Amino acid sequence: MIRVLAVLAVAAALVAVPAASARQAAPPTLTPGQLTVGLDPPAVGFQVGTLRGNNVINPRGFEIDLAKAIAKKLGIPSTKIKWLHVPFATLFRPGAKPFDFAFEESTITVARSRVVNFSAPYFNANQGVLLKKGATAPHSLADLKQMTLCAQSATTGLDYVQHKLHASSVQIYNSTSAAFSALQVGRCDAFVMDVPIIASQKKTKPSAYGPVAGQIVTNEKYGAVLAKGSKLTPFVSSAIKALTKDETIGKLQQKWFAINVSKIPVLK
Amino acid sequence: MHRVLHAFTNPFAFRQALPDIWSGFLINVHMMVIAEALVLVLALLIAIVRGLPGRGSKPLRGLAILYTDFFRGTPLTIVAYACILGLPGLGYGFLKNASSEALGVVALTVVYTAYVTEVYRAGIESVHGSQRMAARSLGLSYLQALRYVVLPQAIRRVIPPLLNDFIGLQKDTAIIGAIGVTEAAAQGTNFANSYFNYTGYFVGAVFFVYLTIPLARFTDHIIREREQRERAAGG
Amino acid sequence: MSSPNGHFVSVQKVTKRFGELEVLKQVDLDVAEHNVVCLIGASGSGKSTLLRCINLLEKVDEGSIVVDGQPITHGKVDVNALRRKIGIVFQAYNLFPHMTVLQNVTLGPRKVRGLDRAKARSAALELLRSIGLDDKADEYPDRLSGGQQQRVAIVRALAMEPKLLLLDEVTSALDPQLVAEVLNLVRSLTEFGMTMIIATHEMSFAREVSDKVCFLDNGVICEQGAPAQIFSDPQQPRTREFLARIIEAGRM
């Protein structure tokens, strides 16, 4: 009896091992054995780092930790990750990409999905409204519509204020930092941008801005951006799903964003 | 090739982008007209200061040189960011309330005045010394001689390089689009980001070229006219 | 009014350098009122420089100049006021090409002497009529011949009613057939009694109109005296050499 069980055990093991290694076939990255991740710092909480030429040195943040966790699931050590600077404005241009995937707080939209692939979502966000110092707080979307708003080029925040809110006075800036500077200096009354980004920025530099006036429910979800048709997409998506299920992502969010988003009033 | 044409010159996208690009373009025109007027006057003043004789005006001349060297050497983008995002933070009420478009005009004016000052100076120096001598010999003061005799001739001579610099200024208004002023190029980018088609840029280019061509032909006309006058006088 | 020694212009021991080069060396020259003094000499001998020192277009390095009883090389000098009293006409590039003939002539009277537009205009037309160029009043200088331009230039200087007229080789750049008309005008001015210092290559003319002729050689007044004496009986060897070369070239 024991001998039969032993043979069965060995047989099972022999079957299991190849199956396991089949699941761990090398993921189709640009450079085998290396992961190239696109970033566009700074976004407080999500990613900060030093720009040096085309690369990002010393990256730190939620998305960096998440990228390393995904790399581990793909069987690539974190020392073999190359961090590339990819300006946000270039992310959704059709064509080949110089990265395997990019983490840039990118909202998954239908229009964007036509030109790039998205992974499974890793973050939920709404749009938020950050006021300049001394601005009158809006109590409704109708109030918000009358204010002078800053937004960043190519973002869902800009898309919202232009095509859904139909605000009359919108200033467009080419980078997040330029928009934050503009708000600080009073060029506009409010900056409409993803809640986690503005909430984190306000937490870092509380005296530079007015309060976070509210959030606008847009139910956006962030996904990693990959080239259209990238064969790496299922690998990244299943890694993210696994990390969501085992609470890794939840713990990272707690670590990097000690912000209770539910406390921010919703503007209607 | 078809894909490129479709991406840049799609007729449907052309009509769709037209109104926004046009409204942006009006901002470019507004900025360039004001900047050009300011530059013409300020650059002349600085060119005159540069040429003032005498030991007493040495510090003024030094300041003028410092100004032209600095602003000819600094990229317009940097000056624009400093003006639009930097100046309002200095705390002065009028700066805080100034529109980004106005501050953009400041940046354009400050940079292009430096270039045009040198153009005027070249013109002034090209007027034969005997003209100044003849004017002074009549008893005209330094500034009177400058005003009635030297400058009219100097300015006439440098109209082509002046117009050239203004064509440059007209296009450089697009740089202000990165910093919150939604002029034609920024509208083009917005269109591209919304619809993934670059025809908006083509529309903007058409407007700019329409503006520049008459100016370029006018410059040619002035050059031709002067050549004819010189040929007739020489004989 | 004249200087202590009674002359209208008194140049004393004037030295002028351009860098290392000494262009005028200890030059002495006296010009009495209503007199005509001609400066002759080779190009580069310092004739033009001397004239320009007298109306302060050039600053002297050493020596002194007194004009109309007023020292102009030391102390505070109102340069513009001095230049109102002295008219100068150059060899070329005299007229302002961007103004009409009339505007050229009225510029000084209007902006410096303060005459109103109408008075300046009628005075200018009068002057232009006297040289037969009033029909060219509204033309631009590039439509006039060289001789006409120089005559307008002289008249422009006269419009300021100067007490002294300096002529710096005003015919040297002209076509030969245009020289005569200019010389005729200058001659009439000498007959009128205008105090003049004339730098010229026109030896016959110099001989005819001047009260005194000065020969400049390398920045020094080599010889000066009455025209009859200088031209017929030069004392200095350099003067003789110079005049011999002029005669040889058929220019006298």
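Residue numbering begins at 1 within each chain, and the chains themselves are lettered A, B and C in the order written.
Basically, contacts are C-beta pairs under 8 Å (C-beta built on N, C-alpha and C of every residue); 3 or more make two chains touch, one makes a residue touch a chain.
Source: prediction; values computed, not measured.
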Have a look at which chains touch which and call the overall pattern line, ring, star, complete or other. line
Just by CA atoms, which chain is the most central one? B
Subunit B and subunit C: spacing of chain centres that average the CA atoms, whole Å: 46
How many angstrom between the C-alpha centroids of subunit C and subunit A? 86
Distance between chain centroids, defined by C-alpha means - subunit A, subunit B (Å): 42
What are the residues of subunit B that contact at least two other chains? none
Note: subunit C residues in touch with at least two other chains are none
Considering the complex alone, what residue numbers of subunit B touch subunit A? 81, 84-86, 88-89, 96, 100, 178-182, 186, 189-190, 193-194, 196
Applying the document's contact rule, which stretches of subunit A touch subunit B when the two form their complex? 89, 92, 94, 111, 114-115, 150, 153-154, 158-159, 162-163, 170-174, 178, 181-182, 184-188
Subunit B residues touching subunit C in their complex are 128, 130-131, 133-141, 144, 148-149, 152-153, 156, 229, 232-233
Touching residues of subunit C toward subunit B in the complex: what are they? 52, 55, 57, 79-81, 83-84, 86-88, 90, 92-98, 107-108, 111-113, 142, 153, 156-157, 160
